[in-house]
Every structure is written in C-alpha cells, then in structure tokens.
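Consider the two complexes below, in which chain A is the common component and chain B and chain C are the respective partners.
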Partner chain A sequence: MSLLDIKNMTVEFPTRRGVFTAVRDVSLSVNPGEILGVVGESGAGKSTIGNAVIGLLEPPGRLAGGEIYLKGKRIDDLDEDELRSIRGNRIGMIFQDPLTSLDPLQTIEQQLMETIQLHLKLDDDAARANAVGLLDRVGIPDPEVRIKQYPHQFSGGMRQRVVIALALCANPEVVIADEPTTALDVSIQAQILELMRELCRERSVGMILITHDMGVIADVTDRVAVMYRSRLVEEGPTEKILGNPDHPYTKSLISAVPRPDVRLARFPVVEYIESAGDRRDSIDIATHWLGAGRGEKAPDGTMLRIEDLQVRFLTRFSFFKKHRLYVDAVDHVSFDIRQGEVFGLVGESGSGKSTIARAIAGLYKPKGGHIHFAGADLTAVKSEAEMDRYRRQLQMIFQDPYSSLNPRMKVMDIVAEPIRFHGLAAGGAETRRIVLDLLEHVGLGAEAARKYPHEFSGGQRQRISIARALATRPRFLICDEPTSALDVSIQAQILNLLKDLQAELGLTMLFISHDLPVIRQMCDRVGVMRHGKLVEVAETETLFQSPQHPYTRHLLDLMPKLEVLSHEAIAGLEVAD
Partner chain B sequence: MITYIARRMLQALVVMAAVSFISFSLFNYVGDPVDNMVGQEATLEDRAYIRQVLGLEDPFYVQYGRFLQNAVQGKFGISYRTKRSVTEMIVERLPATLELVFVSALIALGLGIPLGVYTGINRSSWISKAVLTVSLVGVSLPTFIIGIGLIYIFAVHLGVLPSSGRSGTVDLGGWRTSFLTVDGWRSIILPALTLSLFQVTMILRLVRAEMLEIMRTDFIKFARARGLPERKVNYSHALKNTLVPVITIIGLNIGGLIAFSLITETVFQWPGTGLMFIQAVDFVDVPIMAAYLCFVALIFVTINLVVDILYFVIDPRLRAEGGH
Partner chain C sequence: MAVPQDDKKPSLWARLNDNDVVYSFFHSPLAMAAAFVTALMVLSSFGAPLVAPFDPFDPAQISLWDGKKPPAWEAGGDPAYLLGTDNQGRDMLSTILYGGRISLLVGFASVFLGMFLGVMLGVISGYVGGWFETIIMRLADVQLTIPGILTAILINGILRSVLPPELRDEMAIYVVILAIGLSDWPQFARVARGATLVEAKKEYIQAARVIGLRPFLIMARHIVPNVMRPVLVLATIGLALAIIAEATLSFLGQGVPPTTPSLGTLIRVGNEYLFSGLWWITFFPAVALVVLVLAVNLLGDWLRDTLNPKLR
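This part shows the complex of A and B:
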C-alpha cells in the first residue's frame, strides 16, 4: 500500500462553452521518502492534480471521478472540516512564488506558530521552540532573530525556505510542491532542491513535485509521470523515462530541452504541440523590404562597443547628497559586439544584465561610460531626431509576452506603429502589406493582423513582439530573456525563429538569459555578469569547455547536467560546428 | 519613522500655508471689507480712519504676516454679523459637529466593514446580492432626500424621533454633549444615519472589492493549504491586508464628513459648524468663512497625518528604513 494513491482521477471545470476536463483518468501513487515528479507543459493539468488532492480546486472545478487514498483511507469524499484537518497537518503544500506565498503583514513567527498550534496543539513556548528548530533545519541563519521578521525582510530563496518550513511544520506525510523553484535563480534552485530531497529522506515524506523543468526532474525525482493535455501519457523511474521514453510525446518533449552538453544547429521541435507554423518562406535580404535602407556597414566590423559603462540607481533619497544610497547596477562594464554576431549575457537575477540592455536601448541614462553604436557615440547624441535614427536600427524584445503588447490595440496596429512612427512606408496600403508580410515571416499568418493580443498564446505573442521589432528594419536586436516565460516546446520554436531571422537578415544580437543551455545553443560569444560586473567574456564553446573565472565554473556546476536524457531523441540532428 | 513623520508634517505645513493664503485673499478681494463693516452713511473720513486702524493701507505682505500671526494664535477676528469672536463661535459649535460625525462614522464602519467582508467572501449568496442592490440606493439618493425621507417616516409618520434640533445636551466644562441623555441620543440618530448612509455604501463596496482581490492571492491559498480555519483566513489574513487602501479612503471621508456635514446640518437644523458656515455665506460674513476654511484644512491635514502613521503601524514593509 502506498502513502498516497490517486485512482482514476478526473477533474472538470464547467464553463459557459461546455465542460472542460483538466485532468482525465489519472492514476498516481507516492511512497514514503520518494519524490514523484509530474512534468508537462502549461495547461497539461499538473497543478490541478495537486489542488484536487487537498480539496482546494478553484471553483467551479470539481472532482468528477476517481478516488484518493491517504494511507489506505479514502479522503476525496471527506467534508470540509475533515479535509481541513488533513491540509497542512498530513498533506503539506509548497507553491511556486515565495514572494507571494506569505502574508506580508505578519511575522514569520506568527505564521509558523498559528500553523503549529493549530495542528500540534502545543503551548506557546513549545511551538516557538519547534518553529525556531524548523527554521534552523531549513537553513535560515540566526533563526531566533529572523523569526521575528516580516516576509519582505527575506530574499526569495530564504522565503522559499520559510515556505518549506511552513509546509513541514506539522510533520505531514505527503508534500505537494507546485513548481517550487521556478521563480528562483539557478544557484538558489540547486540549494532548495537539495534541501527538499534531504527532508524527504530524513522524514520519510512522500513528495509530489510538479514542474515543467526537465532539469529539476532529472536532479531530484525518483519517478516521473508525464502529463499531456490532461492525460497521463507515461510513468516510470526517472532514468527510464528521461533516457528511454516510450511515448512519442515524451520523446519529442525531451528532444526540445536545450542541451547543456552539445550545440545543435537547430532545436528539434515538439511535433505534438499544435505548431504555430515552423514552415515559413526564407527572406532574401537582397530583394526583400527588410533588406532595404538598413544603414551603412559598421566601421571595423564592430556593431556595438560598450566602454566603461556605469548605471546607478538611487535606493534611498535624502535632501543631503551624502546620505543618499545608491546601487551600482552596472559597474564599469566594457565589451564589443561584432557585426552579425550573437552575443550572450548570462548571470543571476540582479546581476545587471537587463540594465545593460535597457541602457543600450536608451531606457536608462548611464552615469558614466560610452555606448558606441555603428561607430557613433549614443551617449553623446543630443537631439531627439538624431536619436530616433539610432532607435530605428536598434530594437528590443522583452521577456514577458503578456505585458509587452498593448491589449487595446489590434496586432495590425501594434506591428504598424513603429513603421508609421519612423515613416518607413509610403502610405497606408504599403504599411498594411509590410505588416502582413512580417506576420507571415514570423509564422503567424496574415489573419493574425485582425486580432487582439489576448487571442494568442504566449509563444504566439512573442512572435508578434518579434514582428514588431523587425518592423523598423533594425540591424541590432536586443532579446531580454525572450523565452523564459515559455514552455520548452514553444521555446524551441521561438529560438529557431530567432536563429533563422538572424541568419537571413544578418542581424547582430544581444541575447540575455539566465539559462546556460539556451545560451550555448544561441550565442557565438558570451559575457558572464555578477553583481554589476562583467567577470568573463569568451567564445561560447571555449567558455563551456574551459571556463576561466571561478564564478563561471560555479554557474556551470549548478547547471542541471541532464546526462540521463535520451540521446536517441537528438540522434540524426545536425550538430553545429 | 521620525524622518517620515517629519516629512509628512512639512508637507502639511505647506498645505496649511496655501490654505491660509486663500482665506486671507477672501478678506481682501471678496468685496471691500470696510464696505461690509460700516453703514451707507459713513463718511469718507470714517472709512479712511477704519482703514488706518485695521491696517488695510499696509503693503500686502505685512497684512498677510499679521493674518498668519493671528491665525496661528487662533484669532480670526470678529464676525460681521454677530460681532462676536469667530474662534469662540467655532469652538462653541464644534462639539455638535464632532459628535454627529463620530456617531455617523461609527455607523459607517460598523455596518460597512462587516457587510463588505461578508459580501466579499460569499460573493454569490442571495444576501450579498440583496445588500449590494440596497446599497446602490444608498449612493444614488442625495443626502437631503434621505434626510427628508427619514424625517417623514420617523418624525412625522411614526412620531418616535424628533425632526430637528439638538436637545438634551449636558455641559461638560465647555463641551456640550448629547451622549448623556436619552433625548440627546434621540435627536442625534436621524442626522447621523443620514450622514452615514453614503459612507456605509462606499466602505462596503471598497472593502468588498479589496477582499475579492486579496482572496485570489497566493498567501490566502497557502493559508488554506496549511489547514487554517476559514475565520482565521478571512479575518486575520485577508481583512488585515485590505486595510491599507480602506484606511486611506476612510480617513479622507471622515474629513469630508466634518467639512461637508452642512447639508445634513441644514436639513436637521443641527447647530454645528456646517450650519454656521451656511448662515455666514448668506450674510457674506467673511471672517467666519475664512476661519472655517482654515479649520477644515487643518482637519484634513491632521487626519491625513494620522492615516500616514496608521500605514506605518499596519504595514511592516513601510517600516523598513530605506525600504524598497
């Protein structure tokens, strides 16, 4: 008998357009001390399973079929009061975003104590001692002091440790962790995963780890269940599933995971996901509109030269200059990007990579240093009109495809806006023709022009962003984490698109990412950022094979190795030289 | 914390200076003050003499300086109509207004917050829908209609409550209170209810909207997943988090209640500062108008300061020195 048994679970959400089945006939089981990974792409129904187990389905969702057993006792037909005595007490939950999982107005102590006292019926002193011990166990330094603090006084990783402490404080038998490390940096992710694995073993807790990240699955899970479109398609030991998958969906999903160990010419695309159209006509730059009027070649082949760049933010204002506090987001950084090259910037959050991108795009004003674009010093440009000339050649693609498109504008107007602003087309008819052509080239099709952004998925929206960036016929494209909000299969499509466009249009690219495997697939050269400083710049392959700086080595060590991944999946694919 | 409060007080001073300047301008630019004071038979010499005595010939900034100096000491001159000290008149009528506002604020909070929480949590129950529909009537009817309607029902038709005036007051060392006698309470109920009806609706809707927002957050979901009872989730986690925006609006509204209770006071002939202001407007009694303006501004500024300090008490994120 397993610890937790889910038998033929079906979860339905009645909507106006009929019943949507989020989970269909799924059976899973977890044993004590075991970590079961549930992997799948967004909308596959992974999180719904976790919510259904603890009886917290978002209304109007309902358990339409199946049974759930906890240590042989059926729990899906319990009433609300009985369920509440299981929640937190016998089944703990850990959510994705540690920044929002804790009540901001209560101290860690209040939140821990109320949970401990509720379930363990301890007096104040015993509960406090228990809470302090737990914080110590999850690796919070000075637990006696920090327990009195509020959530905002903890960093993201520390908050997730507090959340873990809260989930474990009543000694539950099962823990359901829903994307517990997705919001964290790689080094923090590695620590948190390690901690979760240790705690599972030492307390014989059975854990369901829900994630979309194959690296996480490979790192900590014992068994994996693969979800696709609300169904369980395959389940088995982690090594077996990742190394030798049976189901075609699992195979194609694994093939789309960016390889940390080998550079491929193109990403294999998951055939199972409805394709936004990977087939597109290639652009002949000599005859195409996008090729015309792209500006003269950069002298000496250097497209962008960053010289001693400094960007500083005020963190505390005071009337007196000496009392003001600053943070140096970019601290004396210099590098060159050659014409036609893809230059990667990698680093953890807060390392200053995005700040550099924004400074280049003119969104932040640097405190010192120079930005030379195609030989001209952008920091010395005075007039707006002259600046517009450079802005046209220099475009940006942002991370979040949901907030970077105006929801009140049709796609036609979104893409046409830069063309109209810069006066690149002779008239309305020509603008329309160009927009439709661009949408065709990013794989969306002309009919997309009539729709609004909300009618598109995340990956399709990112294609709209790319079309908009291309609309000014840029020579230089800044991509700031363009795929980190996307599923792995969609990421593969978008990265392929960017690769194709870069090759066809001879674009120069600054590609920012925290994801080392993605960097390896995309970039010719890479710069590693830490605390606002550039610690190492090297050719990509050199950097991955013989990193010089200790911090680079540290980052590479933290990268999930994915050695168990099926090599059959990428067999026969072209390896880039 | 101290710098924060000091900065807020500095801002308050700027506001007060601006308002005092406007009230001062009232004296000088809303008609000729001397014309307002003397009869038609006064000679030119008399007028010149009064100007001399009142210092109206002095340059503008000297006059303003004198006005400020007096105002800071609470002197706003003498009412044109009653020939009594304006400050004295305000102090005398203040208890009536403050007590009225106090009772109606209690009604507004006591009804508005629990109903807001209830309708926010039980979004689809028929009680919530009924409360929201009725509350819509509360906002859409103007205060004087509600007042007259209440008078018609309770005073004229049922005859259980007095229709106007403030009776049954007891003098407590200069503060005349209606809280100590049954008569006093009977006469305050109708005006307080009238004044609070709009506030009840607004607080109810605000708390409801904030609750709906908070109930969707992760920490509420996490609190449920920890097995906390509904009561604890709703009140100790959700309600507390709705308080910051709610306090902002409540603070501004209590200021508004004090300043703009004049319609209710007029309908019920309640002898408060609002009624005094309306009468002053009728007689172009400029000193009272100017003093009232300063007084209202002072109340708003004080309440804002209190609200700012309350933020500090409620939200620990603001307490962080140089916080993000």
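This part shows the complex of A and C:
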C-alpha cells in the first residue's frame, strides 16, 4: 500500500460559460521516500492536483469525482476541521514564491514554533530546540541567531529553506511542492533541490513535486507523471519517461526542451499546445519592403561596440550629494558585437544583463562609457531627430508578452505605429499592406490585425512583438529573455522564428537569457555577467566546452544535464556545425 | 490558453453578453434600476421642451393668479398643474424638468472639466515626475485638505466679483461649472497619477520609447487610454457629487439665479415658503434631486465593483 493514493480524481470549475474540467480522471500514488514529479505546461492542471489533495481548491472549484487516500484512510470526504488537522500535520506544502509564503510581521521562531506546537504538542523549550535543529538541517548557518530574525532579513534562497523547514516541522508523511524553485536563481535552485532530495530519503517522506521544468524533473524525481490538457497522459520511472517516452505528447514535449549538450540547427516543433503558426512564404524578402532599404553596412564589420559602459541607479536620495547611495548595475563593461552574429548575454538575476540591453536601446542613460552603433557614438548624439535614425535600426523584444502590448490598441495599430512614426511607408494603404505581410511572416495570419492583444495566447503575443520590432526594418535586434515567460513548446516555436528571421534578414542580435541551453542553441558568441561585470566572453562552443572563468564553470555545473534524454530524439535532427 | 480558432463573427448580442461588464449589468437588478432612473431623468430633463406641460421661462405662460397652487390631488389643486405651482405661478413639474436640465448640465460639464484637468496633470506628473510632480501633487494635497464645497464657494465668489454686475446672471452657470470643476481636479489627478505609475512601468511603454515616440505621444496614445478605467468610475461618482455641489451653491444663493432655476435654486426658493404650508415648492425638487443623485451614485458604485473586483 502506498502512502498517498489518488484515484480517478476529477476537479471542476463551474463558470458562467460552462463547467471547466481542470483535472480529469487522474490516478497517482506516492511511496515513502519517493519524489513523484508532475510535469506539464501552463493550464494542464498540475497545480490543481496539489490543491485538491489538501482541500485548498479555490472556489468555485470542486472535487467532482474520485477518492484520495492517505495511508489507506480516505481523506477527500473529511470536513474542514478534520482536514485542517491533516494539512500541515500529515501533509506539508511548499509554495512557489518564498517572498509571500512567510508572514513578514512574525519572526521565524514564532512561525516555526506556532506550527510545531499546534501539531506536536511540545512545551516551549522542546519546540524551540526542535525548530533550531530543523533550521540547522535545512542549511541555515547560525540557527540560534537567525531564528530570532524576520523573513526580510533572509535572502530568497534562505527563505525557501525556511519554508521547507516550516513544511517539515510537524513531521508530515507527504509534502506537496508546487514549483518550489521557479522563483530562484539556478545556483540556489540546485542547492534547494539537493536538500529536498536528501530530506525525503532521510525522513521517508513522500513528495509530489509539481513543475514545468524538465531539468528539475531529471535532477531529483524518481517517477514522473505527465499532464496534458487536464489528463494524465503517461506515468512511469523518470529515466523511462525522459529516455524512452511512449506517448507522442511526451515525446514532442521532451524534444522541445533546449538541449544543453549539442547545438541543433532548429528546434523540433511541438504541435500539441497550439499550432506552430505556419509561416506562409508569401513575400519574397529580396524584393519586399521588409528586405529593402536596410541601411548601409557597418564600416569595419562591428555593428555594436560597448566601451567601458557604466549604468548606476540611485537607491537612496538625499539633498546632499555625498549621502546619496547608488548601485552600479553595469560596472565598466566592454564588448563588441559583429555584424550578422547573435551575441548572448547570460547571468543570474541582478547581474545587469537587462540593464545593458536597456541602455543600448536608450531606455537608461549611462553614467559613463560609450555605445558605438554602426560607427556612430550613440552617447554623443544630441538631437532627437538624429537619434531617430539610429532608433529605427535598433529594436527590442521584451520579456513579458502580457505587458508588452498596449491592451487598448488593435494589432494593426500596434504594428503600424513604428512605420507611421518613422514615415517608412508611402501612405495608409501601403502601411496596412506591410502590416498584413509582417503578421503573415511571423506566422499569425492577416486576420490577426483586427483583434486586440487579449485575444491571443502568450506565444502569439510574442509573435506580435516580433512583428512590431521588425516594422522599422531594424538591423539590430535586442531580445531580452524573449521566451522565459513561455511554455517550452511555445519557446521552441518562437526561437525557431527568431533564428529564421535572423538568417533571412541578416539581423545582428543581442540575445539575453538566464537559460544556458537556450543560449547554446541561439548564440554565436556569449558573454557571462556577474554583479554588473562581464567575467568572460567567448565563442559559444568554446565556452561550453572549456570555460575559463570559475564563475562560468560554476554556472555550467549547475545546468541540468538531462543525460537521460533520449538519444533517438536527436537522431533524426540536424545538428548545427 | 485557448486559441481562438473559428473566425465566424458571433452576433452583436452574443458578443455583448460575453463581455463581463455587460453580463454583470444584466444580472444586477440594482444597477439596472439605477440606470433606468438615471436614463429617465436625463432624457426627460434634456427633452424638457417636448415633455414638460409648460415652459416656465416663457412669461406669457405664467400667471401670478395661478401661484401657490397645491398638487392636483390636494384640496384646491388644479389638474393642469400636477405637482402644483410655485410662488410665481410656474408649474412645478415643468420647473423641475427644466431645473434638472441645468443641474445635469452643470454636473456633466464640471466633472468633465475636473476630469480633463486632473487626468492631464496626473498623467504628466506620473510620467514625467521630478519637480513638476512635486509641485502639482503638493498642490493637490493642499486642496484636498479643504472641503470641496468651500473651494467651490471661494472660486465662485472670486469669479463673481471679477465679473461686471450686468453679466453676473448671464455668466452664472459658467462660473458655477468652473468653480466646481476646479474644486474637483485633485481626486482625478491622484487616481490618474497612480494608474500612470503602474502603466509606465509596463513594457509596452518601453517599447514605445524604443520606437522613438516623444513623451507627449506616449502619454496621449498609450497611457491615457489605459488609465481611463478607474478615472471613469471616479467620474460617475463625481457626477453625483457635482450635482450636489451645484445644488448647494444654488441653495446658498451663490449659484444660478432664480430666473433660470436649477434644482438647488428651487429648493432654496421653496424653503422660504415651507413654514407657510407650501411644502410642495421645496419638497418635489428635493425628491427629484435625491432620486437623481442616488441613481447616479448606485450606478457609479456598481461600475466600480465590476471594473475593480479587488475593492469589493
């Protein structure tokens, strides 16, 4: 008999447009000391399973069918009081965001002791000793001192450790972890996963780990369940599922994961979530508006030269200059981007990679240094009119597809705006024709022009963003984490589109990402950023095969290896040279 | 994320019913009743020349002999004058309809003025920041510490004393609009600035800057349409307040003159006759005012709850 048994679970959300079934007939089981991964793309219903098990479905959601057993005892028909004694006591929860899952007004000690005493009925001293021991176990240094502190005195990774301690403090039999490392940087993610792995073994706790990240699945889980559109499509040992999946959805999902080990010419396309958006080659780039008038070539083959760039933000204002506090987001950085290449910038959050992009795009004013674009020093340009000439050639694609389009404008006007502003087309009719061609070219179809952004999915919106960026006929495109908000199958489509456009338009690109496998698939050369400084620049393959700087080696070590990935999966694919 | 696949255009009604605001409206009896009453009062006031039995501004139709008649159902009432007549022999029903027109006109115009000023200053403050924001927002803070009606009385008084006496009655309505509008802008500025701060951080604003759009265009084309939602909610509630402000000014004798009375003027005039038993001269305009303000207010509350579920 297993620890937790879910039998034929169905969860429904009645809405006024009909009943939405979030989870349909799902059966799962978890054994002591085992980590069961539940993987799937957004909207597949994976988080709903976790919430249903502990009876925390958001209203109006309801368990419409199925049974849940904890050690053979049925728990889905318990009333709220009985459920509360199970929740926290026998089933622990770890949530995604460590910033919001701790009470900011209570010390760690108060929060831990409250939970321990509620469930274990210990006296104060025993509970405190228990709490200190737990903090020590989850790797918090000086637990006797730190236990008196408030959550804001801990970093994100440390806070997630406290959350884990909180989930474990009543000695639960099952822990449900919902995207526990998604909000964390890679180096901290690796430590937290390792810790969860050890704790599960050591205390024979059964864990359900809900994630969208195949790397996390490959690293720590024993078995995997794959969810697709509210159904469980496949379940089995991790190595089997990742290495030799049966279901076509699992196959295509795994093939879409950017490979860290070899560089492919293109990503295999997943048709399951939404159709890949056929690019209708209705326009001939060589003769079309989009291909014409791309501007003169850079004199010496260098498109962009960053020289000693410095960007500084004010963190505390004072009337007296010497009392003001600054943070150097970009600290004396220099690099070149050659014409026609894709240059990657990689680093953890706060390393200054996005700040560089925004400084190049003119959104931030650098404190010092120079930005040479096609031979001209952008930092020395004084007039707006002169700046417009360069702005036209230098466009940007943003990270968040949900906020990068004006919700009150139709797609036609969003894409036409740069053409109208820079006067790139002869008249209204020509502008409209160009916009329709652009939308076709990014795989959306001309009918998209009449709609508003909210009618599109995240991946489709990112295509609109790309069309808008192309509408000025740029030579240089900045992509700031263009796919980090997207599901892996959609990510593959968008990255393919960017590769195609880069090749056919001869674009030079600055590609920013925290995801090393994506960088390997996309970039010709890479710069590694840390704390506002550029620590290493190298050809991509050189960097991945023989990293020079210790920090680069550290980042590469943390990259999920996905060694179990099926080798047939790449057999039929074209490997880039 | 569902992908809209079918390109078949749904009917207008189906699309309207799909809209959450429209759906919520047709499932809220209170909102529908409030909208009905508001629409009835707005239509009958602005259509007063067609609807009203008499024209109270036409001296030929007024006779002092018909003055101070009680409502039709009271003893001594005249069926021609359903709600009775005032001290000058004007039909109360017609006067209320014509008066409602002035009240509503002042309400709409002053809210529009306050909204225009407030949104403009608020959006510029939020987007540009710096000393402009400091000065405008401190000014708004100072004005918010003084009750709106006092500000309106002050502005009203200053404007009236500046105008030549022969123009005072003629210009009274514009003076009142200006006074109420100017007393109203800080709330709009606060809301617009707050919404602008949120919107300006979003990436579509940065995309517009990367394209090269100048700040004026960014504010006009990208920010203003996106901050109008909370502003319009405030405007609906502000409309009720502006109507009350006008009535208060007129009641205090600072508003529109008795020759072209608004609801507030009617209440003031009637107030003088209240203790001589002529209750209807003040009662019916007061009821009309209460019903109008209540309906507009309920409509505003419903709109706020629907558009901003977090405030509920």
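The rule is short, and it goes like this: the second predicted complex is superposed on the first by the 570 of 577 C-alpha atoms of A that agree within 3 Å, B and C clash if a C-alpha of one lies under 4 Å from a C-alpha of the other, contacts with A are read in each partner's own complex, and residues count from 1 in each chain.
Following the convention adopted for this analysis, a residue touches a chain if its C-beta (ideal position, glycine included) is under 8 Å from a C-beta of that chain, and two chains touch if they have at least 3 such contacts.
What you are looking at is a predicted structure, and each value in this text was computed from that prediction instead of being measured.
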{"item": "First, second, both or neither for A:Gly362, with chain B first and chain C second", "value": "second"}
{"item": "Partner chain(s) touched by A:Pro407 [first = chain B, second = chain C, both, neither]", "value": "second"}
{"item": "Partner chain in contact with A:Tyr150 - chain B first, chain C second, else both or neither", "value": "first"}
{"item": "On chain A, the residue positions that both chain B and chain C contact, one per complex", "value": "none"}
{"item": "Parts of chain C lying in touch with chain A, wherever the complex brings them together", "value": "1-4, 7, 23, 202-204, 206-214, 217, 222, 225-226"}
{"item": "Chain C partner contacts - residues on chain A that touch it in the complex", "value": "16, 42-43, 274-275, 358, 361-363, 384, 387-388, 391-392, 394-396, 398-400, 403-409, 417-418, 421-422, 447, 451, 455-458, 460, 465, 468, 472"}
{"item": "Chain B contact footprint on chain A (complex, rising order)", "value": "54, 56, 84-89, 92-93, 95-97, 100-107, 114-115, 118-119, 150, 152-153, 163, 166-167, 170, 315-316, 325"}
{"item": "Footprint of chain A on chain B - complex, ascending", "value": "217-219, 221-229, 232, 236-237, 240-241, 314-317, 320, 322-324"}
